[in-house]
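Two complexes follow with chain A in common, the first pairing it with chain B and the second with chain C.
Presenting the complex of A and B:
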């Protein structure tokens, strides 16, 4: 998911520069930056504000407001367990624990942190297939705790061979 | 030999169920041709594969790649028309689901698509609003406000620019009908938005889609491009255009004023009303914000008449409702039925009872702000008035069933933590109340709580209900207080003293 982020902040911002009379759209710009760079570096706030013609406080305000905007790079794979009500009712907390147990055998293992980021989400609209886990863009349903190891390995391995550059380090 | 046409759903949930795997496995099989349709919504049967027979479509359920020979031989299929989960539904808004290819404009048109818009174009804007008044349609996004009233205000407000905005934020966990509509019948949503644009005189539309729905946003973008290329937007005297905008993970951005703030690129905070968006909305111009399903219901109403729509459902709740069954049931899925069945009926007839080994504890209707119902209160009819009378909401039609293993104190804590996370911070009762509520519930959960804490929660709830700016703070206490009301012993046991 975070591979292939080759463009620079300046490139992205050039494409997002508002053309009058259109007014600057901070959220749209931040989403474009995130999709190009994988995250929105805090150090870029001033530059973003200048291009949009708004204050850096306005940019920082929008950036901190939305939970899907990330200021830190994620691991090479983003794994999200759904904690929405349909998934909760299907005991997704146990699935989350299984993911954490599988990926974080030793807390603070830096190589694992580089490889995976584990997060929760509030609903993927996959509630008829609860519990839901999203691995990068890939939606998985009816996930039981015992499925977790094979699911993670299958998805990660699959990504390795599918299109794009093969990533030996995975 | 001509290949056999097999129909397989391309819906995100069907793919998650294994449809993607089937498509991969069968890609090079020359004896078949795979047609990628929308999903019928019977997700417990997915992945489901269908083929034509002289007696109509037949289906194979929970298919695995090595089931192909059986399907090709025509052995062991079930007539789709005889699947009880589907047979007992009344499909109007979701009539095309499982049948058409979502992005095939000609298929949409051949099944009556754009007839509603043609009727709207033959009517005056006032006559369109009249048809809506007659239909009794109420918004499907949660607040259930009569659609025609909003439209009339926007229509009568003079402005050189007006907007129509589809609310595709679908923030209520447990709901997925908007996602299915966008992925499965995108032209219906486009047609509905164009009918609204015609009625109020808008020339520009936006679809605000949540970040978690990439496939839906992609399908809408594709369908919009197709409609544009087919010159569908260049109808009579004024041009129309439509754009998809992606949100960034904020529940409160589903609230219409917050949504418009977010559409303009700002923090999605709730604004005090009035002014209502119909008077002063996007960029200060008259704007209709409606739910995806509200728009998707319009083509049939215009094509078949307001009276037709009003003949379905109950006194105050006309038409059909798309219910989305989830949680610990045997048969989760999308159910479109006229208003009026009881909650118990819906769960028995469609939900098929509990998942193997599970016992029912509570049912929550209407998303994370919806009330909880114990087993003894399931005979409530599914209609706006009955739910309002019970202090509950139908919301966007999500039904989540919890089993006996659910810890009610922990669930209540989850609800308050959700509100504390998602509060936009504009009003104090919601911003501070939800944090206090969460702290109290954490105290009870850890065994440190007292019976006074329960009283405190109830007082706090009353304040949030009456003094919050929007329904996030105003409704947040309901799931918590109904949990305490129906399962008091669990709370008392933990909150001794």
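Presenting the complex of A and C:
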């Protein structure tokens, strides 16, 4: 773990330190850490537990329950295909394959892994517009495999031109 | 809380105002039953003997409702709620076994079975459910099966995920009963399963200590294992040797809590120790030592035959010649040098009956009061201090009063490690919202949780407690009505605290004045403040003054003689209370009766046929002086390793060398036995009958579960046989006859008999008559001497202070994993967890001395030195050091002085001035080097 990274974790945790009589909020703290660092580093679990005054098991319980909480770093863009019942019935598996095909033409391209992480999710609550794809915070409904290239280009490119994220290479 | 309502609350503890809650009538499966308000349908049915299938419900845990087997139909209500989470209501009509419920239950059992791995046996509990609910086959073609995962990293038990049903009883037991929160439900959905710590998050490690239970903060109390309904968590001894075929109810022989256990025996061997649900002091809970630390009983180096010294070697001799030898030598010394040349140190680990017999042997056969027990080195200051103020020297209240207290004050005690079952109960109370105040130089587990932690300098208890008294007087927080009616000498006390301002105390103790004042106010105004204290109060130069200062506070605020209050010393050993009760004291006869009482003398003569010696005997430290001076020629020490555990060991060793004839009776060849002329093997608590008295004065039975190896005699038989040889027959056939004799001689045990002790609750003394139910709460109406006495005490500094040459203050004490001299726990798998004493030091001191975790340092005091690995600890303040004394190799007690409490001679274990020196690697000889290699240093969180 780098020093800079560590101090960020310490800063976030300082803001989450429970002030009696308030009880510690593990979920809120984990979300705050993830939002600051992009993920929750495994090496930080004991530190998180100590600041909150809980045990590492309690932190692990919350962390393992919510699939939105990640212990591994993700790419700069998180693209998730919904695999809920409604999306599944509307062929979201094909959409997922289209995303993977589009984003991973050359296997082992490290720069791609830094840019994109492709994952599934259980239900985005967007069943009326199945199948659903979430690109970062953006919800996209009625996605067909053939929509995928333009959708990804539009989402990622548009935000680049708008300067939505301060990453020049996007 | 519903847990309270489940307990049988004795009538005297039910608050007067609320009155008994009215019962309600419920109909379950056409049976009209009476239910208590607050019960769930499941609990009410269980009490009425109606069985509802369930996996996740437990009497010890809050309702959870995860297994869905205990479903019911309620008249006038739709759906099928779980009975274990549905409270009873007046007139409720419930069905638990309709066709519809049977079908639902069958489907649920089928789902459980479908999760089972394809290969391997189905857990017995599920097999029984399958049979009773009529599931013959699983219809699912491709079910989600449980992950193959096994955690055997704990030395005592195994978790096998294949047998688990994810009911979370283990997780809830860890949270609700033990309060350690070492377990969690990991993952979700089909994958959810219990896991210890957080190591599950990362890749599986090959290092056993880095995974599962071993990597977590688990304290191996075994609550999860006991709660597991399917055997997914099972003791390793049971897996290796099989389930017990019979059980014997007995009482644990470690600390003073007195947990009731069912000893599980198979083929004449002990295979399991299971805490008993109807155990009055533990209510089904236990700690690592009692639950798993019993395998020393089969240790290969148990003493099996008497050993006679032949120069440097031991000769195995027969019991006959060993007993002859004791009788001959004791007779010879008595004839040549008189009775005062002989002494006995009895065992606080032995039974009441054995302790009484040793005292009787000294008084009737030898004719002296030179008998002591190891209460001398722990709570003798409590005996002195409580006798002076309250007139009786035992816990005023019971362990269950922790549940009735509105504030708990813990002074100089670390119950979560030294009395873990009481510690867990205090944590439960604290989680219910009961405020906790801890006065301790160390940041112990309870101190971390406490509302107020007064982290005082070691040895300054009296200054702090007097300052609390000062605040009470100044802010008019005294309970005037109680003081007027029940106590005298208040003026003396008020005068003694008049100058003790919190500001003055801050200078002495280092505790901020406002915290002292706040603690005093909260203690006085809670409504019911319960105080428990430990050796942090007594083992000081002015230990009895500390106890007196505590009693003064309780008297001044009326926190005594009521439920949830009192002064409660946490006694350290299983029968240290009993050993003193039975008269193994140089100053009192059994039942704390005065040695010069003429009525007692007459009764003693009539019953024993011998006069009661009236001259006070020697206390243990006096015995060392007498031995060195050549006045003490013969000494008999039973189950007490003085050569490791007494302070100023060099002096103790010198004294033991001087004794002409030293008999040591023990389970093992301990450090003291190495000085002995004759060593007698002892029978363990699992191998004999008798009684122990716990820290709440409760006399409980121990029962023989297994045969002693090699025909070893229990201690009481040894005394009888030696006595017989010295022309004083003791024709007892069973310990119960000894207890009958005690009952005739000591009024406070008059109503005690083995017949009455057969009930699980035992009897709490005083029991003045056969019809008396025992005393859960002392001093309700009057004190033994009528009124209690305030005794003003002044703060005086400890025997030693940090100086330029010895800049650190060292405190010694126990840790959770080991027990006192360690002769038992070091012979169990507990050694896998902790295999050395360590020195705890504050991080800033470590940095100043350039020390790293695990480095070996030399501790030097004016008396001696010791080598210990050092670790950084958040538990001690800068300038303060802590270590345990469980391993003879550490020779910690060589560092300590002979400084002791003025009146009780309780040694000052808690304050020694020392310095810390780094050692060079080449100073170590190869043996030390090898030992260091083997040692794994316990790192403190």
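As a convention for this text, the second predicted complex is superposed on the first by the 159 of 170 C-alpha atoms of A that agree within 3 Å, B and C clash if a C-alpha of one lies under 4 Å from a C-alpha of the other, contacts with A are read in each partner's own complex, and residues count from 1 in each chain.
Basically, a contact is a pair of C-beta atoms (placed from the backbone, for glycine too) under 8 Å apart; a residue touches a chain by one contact, two chains touch by 3 or more.
All values reported here derive from a predicted model rather than from experimental measurement.
When the two complexes are overlaid, the chain among chain B and chain C that reaches more residues of chain A is B.
Contacts of A:57 after superposition on the shared chain: chain C is touched, whereas chain B is not. By the touch criterion defined above, A:90 lies against chain B but remains apart from chain C after alignment on the C-alpha atoms of chain A.
Legend: residue contacts after superposition of the two complexes on their common chain; A:150 is shown touching neither chain B nor chain C. Once the two complexes are overlaid on the shared chain, A:45 sits against chain C while remaining clear of chain B.
In the superposition on chain A, contact is made by A:65 with both chain B and chain C. Touch criterion met: A:126 reaches chain B, while chain C stays clear of it. Applying the stated touch rule to the two superposed structures, the overlap between the chain B and chain C interfaces on chain A comprises residues 58, 61, 65.
Interface residues of chain A facing chain B in the complex, by the touch rule stated above, are 23-31, 58, 61-62, 65-69, 82-91, 121-130, 132, 137, 139-142.
Every residue of chain B that touches chain A in the complex is listed here, in rising order: 12-13, 15-17, 41, 43-44, 46, 170-176, 178-179, 211-214, 216, 245-251, 262, 264-268, 283, 324-328, 332-334, 364, 367-368, 398, 400-403, 405-406, 411, 414, 418, 421. Remark: chain A residues 42, 45-46, 49, 54-61, 63-65, 71 touch chain C in the complex. By the touch rule above, chain C contacts chain A in their complex via residues 180-188, 195-198, 200-202, 216-217.
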